Every structure is written in structure tokens, then in C-alpha cells.
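Please find the structures below.
Shared between the two complexes below is chain A, which pairs with chain B and chain C, respectively.
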Partner chain A sequence: MSVEAREKRQPWILLSPALGAVTLLLLVPLLFIVVYSFWLRSAVGPDTVGFHLDNWQRALTDPFYRYILFNTLKIAAITTFFCALLGYPAAYFITRSSGNKLILLLLLMLPFWISYIIRTMSWINILGSSGALNSLLMSMGITSSPVQMLYNEATVILGLVHFLLPFMVLNIYVSLDGIDTNLEDAATSLGATRWQAFLQVTLPLSLPGLAAGGLLCFVLGAGTYITPLILGGPRDAMFANLVFEAIITQLNWPMGSALSLLLLIVLGALVAIYNRFLGMSQLTKGLS
Partner chain B sequence: MGWAAIRAYTILVYLFMFLPVAVVVLLSFNQNQFGSFPMTGFSFRWFEALWNNDAVMRAFRTSLILGLLTALISTTLGVLASLALVRYAIPGKNLITTILIAPILVPEVVLAVALLLFLNWLGIGKSFALLLAGHVIFTLPFVILVVQARLVSIRRDVEEAALSLGASPVQTFFSVTLPLLMPAVAAGALFAFTISFDDITGTLFWKPGGVETVPTQIFSMLRNSISPEINALGTVMIIITVGLPLLGAAIARQISIKRGM
Partner chain C sequence: MDNSKRYERLLERYRNGDLDRRSFLGLIGAAGLAYGVQTPFARMAFAQDVSQVRFDGWGGVVSEAFRRYAFDPYTEATGITVVDGTFAGGDEYLAQVRSSREGEYNIAHLSGVFDYARYVNFGLDVELNLDNIPNMELVMDALTNAFRGITPDHLSAVPYNYGTTGLAYNRAYISDEEIREKGASILIAPEYEGKIGGWSDWRTRLWYAALQTGQSPNDIQDMEAAWDAIRAHRDLALKYWGSGAELMSLLAEEEIYVTEGWSGRIAALQEQGHDIGYYDPPSSFGWQECLFVIKGSPVEACEELLNFMLAPETSIAVAEGQNYPPALDGTKVDLGEKIPTLPAYDPSGTLEALTFADPTYWNGNEAEWSETFARVQRGF
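Then we have the complex of A and B:
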């Protein structure tokens, strides 16, 4: 074999294990559950192979599923909004601070290394009936018995914001850091107030980062089932909880396939819209 | 005035991020037998209880083995793929990159369901093998992104010099490329280990009955109520997943100082 032909083959040899793994463990399984979603669960024995629309019909028309889907998107949207509200000023401060920028960035990376379940359950120590807040209220004599603050939709959102905020701050920081500060100075020297300069120069330039952070928060928030299980009440299920219930508790795998594909389609549509307008590269910027 | 307000706001945001976690660590040293406020003294009793809790120790062993194997496989696959992507001009590079990072573009729940159902159909039910496959595929994109970012900065001409001096490609890889690559490999492996060690979303779908990892163990302990033991377990996890990278970074720095770089 000629040297050139070997040169040509080499990258594919290097790529084949990873590409093979993704194909076998993700792409083919995804196609497989598309097929599986048209099968039917039978009361005894293996699921019935065939082409039945029952699961999809139920997934799309059942008012309960529709309500949960709507609720999930609502919770994800509120979470994203609060992440932006909390995250933007913090990211701006990190970008413009001179002395302790490094330590602020290091601290910002820290939550990524702390387990999601620990950060989620940590709120039980704060808001639980024997938590920090209740013992404070009781020791000050404001209440005589613990106030029930946990296990509702608000605490689910709180937990999600706490989990996703670092993604938002990091993405906004990456795009803010790439903006030439001279631009804002130029605007102020031409007569704009600092606030105007921010609104008309810096903010528009940082929108790609805000959008990337927003997409990550929304998609990760809408796909979670652990947070509602830990911080939500029995009525605060999200769409991924339905998937978990169908697969693990009810063992209705065809239905679980249809539900997870529905979630994939809804969130995939969002990613596709984002990709159409902003491109995927912005998303991976924050990671490297 | 404006700047001071932003500073105060940022401090509050950082407090929001870290205060609850700090409370976990604080309460894990609480003497009080209910492990709640008020603090009554400093004690290691909950860590001792963990040490004597067989279920917790089993979960630790499972998580450790799973994390190490995941890191080994994922890093191997990721480094090879990154080399191909950074070092060669290949057609369809963007498409290949998208396929390779697809596991983080798909919601983890969906990935978990698809893998579980497909491998089960192939005859591999809920098992350690399924867990390992899931963790590898989920961590692979992170490894590729991290390793690729580091690889770009390694100069090609050193390798070419080795080749032109008569080293074979394999010799060149092991005696020139790999040593230069080590920081990237270590970063990728560390990343894969921590993500695997922390994962719960996919793990709950893939784990066989009776097998627990540390996160799923915490999850099942939470079913009763929060206990000081859970806080202690949380503290140990934080020490492992935060302390390990910091230690790694410190060692890497020591080595590079010794080399005079």
C-alpha cells in the first residue's frame, strides 16, 4: 500500500472505535426505540411486535400527558429566566473585575465538580422542617412549629436554578469576555451614558452567550426527573418522570419509548431552531 | 454606586451557589444526634457510621470501579478520535464532530431509555456491563471536547522531527506524542471519572436491582428523610470530586516546575 493511502486510512482507524461506540450505543438504540414505540405492551409475556399507533395516540392526546408536558416547558422557561436574571450581572462582574477574576472563575467551575444530587438535596438542610431556616424562625419566636416550605413547584424551580446557574454564568462570561472593552468606552466618549453604552453595545454583543446559556438551562431543566423526585411534591411531576414511571415502574416499554421520543422531538426542535440561527459552535465554546 | 450594586449582587449569587453546599459539609460534623440545627459540637461520628455501613461501602466500591473503567475506556476512545480530528484533514469533519458529541445533545433520559431497551433486546439486561456502556457513551463527548482543546496547542513539528530522524510512527506516538499529550489525557480521564462518579439520571435506569452507586445510594437514603449520614456521604463525595482535580492540577504543576517549563 502506498504511503498516501495509509495516510488516508489512518484517521479513520483512529476514529472508528469512538464512532462505532456512538453508533452502536446511541444512534442505533434511538432508531430501535422508534420501532419499539409502535409495539404494544401485553399483560403477560413479551411485548407484541407490530405497527400500532396506540402509544403515540395516547402520548399526543391524553390530557394528563399534555398537561405535564406543558407544565415541564413552563418550569424550564421560568428556570431559564431566573438563571439569566441571576447569572447575567454576575458574569458581567467577573468579566470586568480585575483583582479576583481568577478566583471568581475557579469558584464558578466548582459546582460542575460537585454532584448534582448533593446540590439538590442540600436544600432540604435549608428549607426542611428541621432545616436552617425553620430553626432560625423558631429560635426568633416568629413561628412555634416548623413551616412547610419544601415539596412544591417553587422548590423544584429553586433546585433547578441552583443546578443550572453555573452553565448560564459560564456561557455569558465566555461571550462577554470576547467583547472589546474599547467599544463601550468609545460609546461613552461619544456621549452615551454608561447604561446606554451597555444596553446598545455590550448587551447585544453578548446575546449569543445568553442564548447558548439559555438553551442549555432549558434543555437540561426540561429533561430532569431527579429534582422533582427530591424537591417536589407528588403533584409536581415533570415529563421525564412520566418516562421513568413508564419504563421502571410500569414496565410499559413501548409507551416509555413513545414518551421519550416525544420529549426528544420537542427539545430537539428547540435545539434545531437555535442551530439554524446561531450555530452549534457557540454551545461548545463554554466547555473548552 | 452602580458598580458597588453589581458587586453586592454577585456576592449574593455566589452565596446562593455555595451556601447550601457549605451547610451540607457543616452539618456532617454535627455532634447532635438528629444532625440538624442547632449545632451542638464537632464530631466525626457520622463518618464513622458511614465506614461501618456495609451498603454505603459497597456503593463506594461500585462507583469507584465503574468510574475508573469508564475513564479508561472513554479516554482511550476519546484521545484516538481527537487525534484524528485535530491532526488530519478529513472530509465531513463537522458532521463527525456532531455525531461524536451527540450523546450530550440528546437528553440523558432519552439516551438512558434507548440504551436500556436496545441492549436488553440484544440480551444484555440491567447489569454492570450496561452501566459501563452507558457511562462510557455519556462521558465520551466531554473527553473529546477537553482533549481536542488541549491537542490544538501541541506543535506538530516535534513529531515530524522524530519521524525524520528515523523513528517509526508507533515509536513516535509513544515516545513523543503521548508524553506531550499526557496533560490532555489526564484532564480527559479526570473529567470522565467525575462525571461517571456523579451520575444518577442514567444510572437509575441501568443499574440492576440491589446494586447501588454512591449517588443512587444517597437517593434511596433520601426516601426516608435527610440524615446526618447523608450529609457525611455528601461531604466525602465533594472531597473526592473536587479534591481529586485540585490535587491533579497541583501535581501537574509540580512536575512542570521540576522540568523547568
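Then we have the complex of A and C:
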């Protein structure tokens, strides 16, 4: 074998464990889900094997699924907006702080050491009828009885922002950290105010990080089901809750498979659009 | 049946002339060959089967009671370890069992005869040898007969306890007189908007909707009226709870004042000092729980555990711990002082006072109703 051929083969040999793992743990299960989505659920007993388009037809034409999908995308979009709004100043502050940057980054990572479910449930102790906030309001005489703050769409968004904010901050931080601060100084020396320098120099240059954080927050937010389950009311549900219910409660695995693939396709399309205009490299930079 | 017994039976058949010498030696030889060629891993797997049984239940005070009064003493007596897991709902657990390999799950604390029927329909049942479970004689016939209606020629479970899903209410805000007067309709009373809860289980929602619309839960004629009652409850409710722990937390923290609740969990709240009342309205949701042995399990080890768990001293201790009356017949066994005071207890041993879900009716409509409920819950 020539040296050239050996060199050509080497990357594939090195990649083979990772490719094998991805194939076995991601592609093969995904293939099972695709096959399952064409089966049919029987009233009792095992599912009906075959190639049926019924599940797909319902998933694509039923207004109920469209409504929940739209609502899911709406909640994910609002969450992403608030993450950006809160995350940008935090990331800017960390980037510009001198000396204690590492401590601030460590504090940012701290929530990841606690279970996501526990973090979500902590809001019950803060916003509940006998929670910290109501106790404070009543002790200050602002209200005489507890204010109902929990179990609605707002608390679902609050829980999601709490969960996703660090992803946004990290991505923006990575982007801001790579910008030469001399550019802002140059802008001010040319007559721009600090605010103008930020708006016309720093902000445009940090947009790829903001977009990468936005994509991560949106995709993770749209795929969640724990937060509405814990902090939502009877009506509050996201698309992943329907997948959970179809598979777990209704034992309708074929329909659950079709719904999960539909969500995958929608979110996959968004990632593809992002990749087309901004490229995935910014995303991986934010994660590194 | 262990291998020694198999060989003894083979020898007996040979001695009785049911088996010729050539076949007898051939079978013995094949067994020896199979034993000789099995790998060390096979022996380890075999050893694991008989040294460990997995039990899955509802968690919380129920699991604590099982661990303390049944599993630990059983392990001490037999050397077989009981690994216990928990689940929040029967549907979720069935999905797990269906996607597992045979033998991964062994005994489950299932709720309702409809669950028994579902497991049988999925081919997950085994045939228990009741000779190995002599304590079954102490169990109420009414409970066992419900399972025999589904599998007339065998049983894959033993009844273990029963209870009701009745109305739980905070006495500081709702009086005993009011709950008796309003019954199930209190769950759709507008004056308690935002302080009403409910289990997210579609069966319970429909059962109570039937009561709220004056219909028999086992024969709902006006389905649209029932769905409307569910919609009314949904709009007034603060939260659908998904587990016993969440139910107890919502009531204890006064997030909600009234909900339907599991009798044993409410009794546990009362024991903790919370002023929570419990009332079974007419045709309240009665259910029985069983210990179901799942296909692929080490059946003999499971039978041994079941017999141990049904022994009066264990069964009564578990019942007192979990606050649900045991399946033991009160006319045959002295159940002590606490059990007759538990909610839903039936001293007659016939259970005629309780209304149970008709498995044929509910399972036959499961596919349609569970899906419709998911839509109604979300505002459709």
C-alpha cells in the first residue's frame, strides 16, 4: 500500500469508533423510529406491522398537532428572546471584567452541577402559595393572601429561561471575547460615543455568537417536556409532551414516532437554515 | 421446578415404563452435554436469576412499607435480594416493560383489573402455581375472581390490596357537610377556581366526569356531557398532578383545596397532622392492586416472594404502613386494630360496597378516550 493511500485511510480509521457509536446509538434507533412511524396501533395487543401513512397524515393535517407545534415554537421563541435580553449584558460584563473572569464563568457553570429537574422544581418553593416570594409579600403587608404565580405559561417560560440562560451567555461570551477591544477605542477616537461604538462595532461583530446561542436555546427549548410538566397548568403543553403522552400514556408508539420525527424535521430545518447563512462553526466554538 | 426434580421425574417416567431406556439415556446425556458446554457467563446469569428478584411499585410510603415489612425480612429468610424500583403511573411502566428484554422486570404492583387485562393482552403473563402460594387461601374471593374473569385457566398475579380514589379536601376551607352535599361536583364548583386539582390520568378524569353528569362510570351514555365536565374541571383547575408525592405536596402546601386523591396517600397526610378530609362519593372509584409476575421472570422465586408477602403478619404490616386495606379476607384473618379504620375498608369480605372499573368496558375504549383526553386537556 502506498504512503498516499495509507494517509487517505488514516482519518477513517481514527474516525471509525466515533462513526460506529453514532451509527449504533443514533442512526439505528432513528431508523427504528422511522419504521415504527409507519405501523399502526391496535386497540389492544401488539401494533399492526406494515407501511401505513395514517400517522403521518394525521400528524400533518390535524389542527390539534399544528396548534401545539405552533405554541411550542412560540414558547421557544419567547424564551430565546428573554435569554438574549438577559444573557447579552451578563456576557458583556464577564468579557469586560478584569481579573475575576474565571470566577464569573465558574458561577455561570454552577447550575449545571444541579439536576435540571431539581432546578425547575425550586421555582415551586419560590413562587408557590407558601413560597419565599409570597411569604415576603405577605410579611411586608403588600398582599393579605398568597398571589397565584405558579402553573401557567409564564412560569413555563421562566423555567426555560432559567435552564437555557447559561447556554446563551456562554455563546455570546465566546463571541465577545474574540473581538479586539481596540476597535471600540478606534471608533470613539473617531468621534463615536461609547453607545454608538457598541451599537455599530461590538454588537454586529458579536451577532454570530448571539445567533449560535439563540439556535441552541430555541432547539433545546422546543424539545423540552419536563418544564411544562412541572411548572405548567392543565392546558400548558409543548410538542414533546404529546410525544411522551402518545408513547407512555396512550401506548401508541407508531403515532409517537411520527410526532417525534415531525419535531425533529422542523427543528432540523431550522438548524439547516442557520447553517446555510451562518455556518455551524460558530456553534461549535460556543460549545468548546 | 429445579433440575433435580426434572431428573427425578424423568427417572420416574422411565421406571413406570413411559419412557424407553434409549430415550431416557439420550435425554440424560443431552442434559449433561448442555451442562458441560455452558460458559461461565451462563452460570453467572443463572445464578443472578435465582438470587435476585426485581419489584416495581408506586414509591413513597408504599415502597417504604414494602421494603421495611416485606423485602428485608424476605431477603433475610431466603437469601434472595429484592431490587425495588418505582414508577409514577401504570401506563409509563407498561411502556418500559414492553421495551425491555424478557426477565428484566419481574413483579409489578399493578393497579386495577384493567391493568391485569392489558398485560395479558400483550402476552406478558405467566402461569402461577398456586400450590406454591398457600397464603392465597386467605385472600378475598371477590378480588381473585376479578382476575379469573380475564384468565379463567390460570393466574399471573395475586391480589394484594385495594383502595379508592375519592375526594380529598382541606378542612380549613371546605367543610365535611359541603363535601357531602356537593359530592363529585365540588371539582367543578366555580367558587374554588384556581384551588382545584386533579390526577392527569384520563380514566380518573372520565370516571369523575361521569359522576358529575349523573352517569354510571361503567356505562357512560352521554360522552359529550362527560367531556364537557372534563373541560369545566380543566378550566377551574390549577394543576393536574402526576404522582402521589405531587398530590400530597399540593394539598399540604395549600396550593389546592380539593382534588380527587388516593385513599392511602390522604390517610398518610392525615397521619402527618394535615387537616385534610377524605370522602368517597357514591360510586367512588374503587380499585384493587395486585402483584403481577411478568413473563420471563424466575417464577418459583417470585411465587416464594408472593407467598411471603401474603402471609398475614407481612400483609398486615405493609397495609398499615401504606394505609391501604390488604387483600386478606377480614372474616378469615384477624386484621388488627388499624386496618378496619382505614378509608375504603370492607369488613364483609365481599367488596360489594365498592365500584370497580369494568376492564372490558374501559380497555375497549382506551385507545379513543385516552387520545381524546389529551386534546380536551389542551383546550380542544
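Miscellaneous remarks
The rule is short, and it goes like this: the second predicted complex is superposed on the first by the 269 of 288 C-alpha atoms of A that agree within 3 Å, B and C clash if a C-alpha of one lies under 4 Å from a C-alpha of the other, contacts with A are read in each partner's own complex, and residues count from 1 in each chain.
To be clear about the criterion, contacts are C-beta pairs under 8 Å (C-beta built on N, C-alpha and C of every residue); 3 or more make two chains touch, one makes a residue touch a chain.
Just so it is clear, the structure is predicted and the values come from calculations on it, not from any experiment.
When both complexes are overlaid on chain A, chain B and chain C end up clashing with each other. Of the two partner chains placed by the overlay, neither chain B nor chain C lies in contact with A:274. Touch criterion met: A:41 reaches chain C, while chain B stays clear of it.
Legend: residue contacts after superposition of the two complexes on their common chain; A:218 is shown touching neither chain B nor chain C. In the superposed model, A:235 makes contact with chain C only, not with chain B. Contacts of A:128 after superposition: both chain B and chain C are touched.
Partner contacting the larger number of chain A residues, of chain B and chain C: B.
By the touch criterion defined above, A:173 lies against neither chain B nor chain C after alignment on the C-alpha atoms of chain A. Judged by the touch definition given at the top, the superposed model places A:263 against chain B, while chain C stays out of reach.
Touch criterion not met for A:56: it reaches neither chain B nor chain C.
Of the two partner chains, chain C is the only one that A:68 touches; chain B does not reach it.
Only one of the stretches 7-15, 223-231, 241-249 or 313-321 belonging to chain C overlaps chain B in the superposed arrangement, and that stretch is 241-249. Comparing which residues of chain A touch chain B with which touch chain C, the overlap comprises 124, 128, 130, 229, 247-248, 253.
On the side of chain A, the complex with chain C involves touching residues 41, 43-46, 64, 67-68, 124, 128-130, 146, 148, 150-151, 229, 233-235, 237, 242, 245-253.
Contacts from chain B toward chain A in the complex involve residues 2, 6-7, 9-10, 13-14, 16-21, 23-24, 27, 34, 36-38, 76-78, 80-81, 83-85, 87-88, 90, 96, 98-103, 105-111, 113-119, 121, 133-134, 136-137, 140, 142, 144-146, 148-149, 194, 197-198, 200-201, 204-205, 215, 218-219, 222, 226, 230-231, 234, 237-238, 241-242, 245.
Interface of chain C with chain A (complex): residues 89, 91-92, 94-95, 98, 118, 121-123, 194, 198, 202, 234, 237-240, 242, 249, 253-255, 363-364, 366-367, 370-371, 374-375, 377-380. Residues 7, 10-12, 14-15, 17-19, 21-23, 25-30, 32-33, 36, 86-87, 89-90, 92-94, 104, 107, 110-111, 113-119, 121-126, 128, 130-132, 135-136, 139, 162, 165-166, 169, 194-195, 219, 222-226, 229-230, 240, 243-244, 247-248, 253, 256-257, 260-261, 263-264, 267, 271, 280, 284, 287-288 of chain A touch chain B in their complex.
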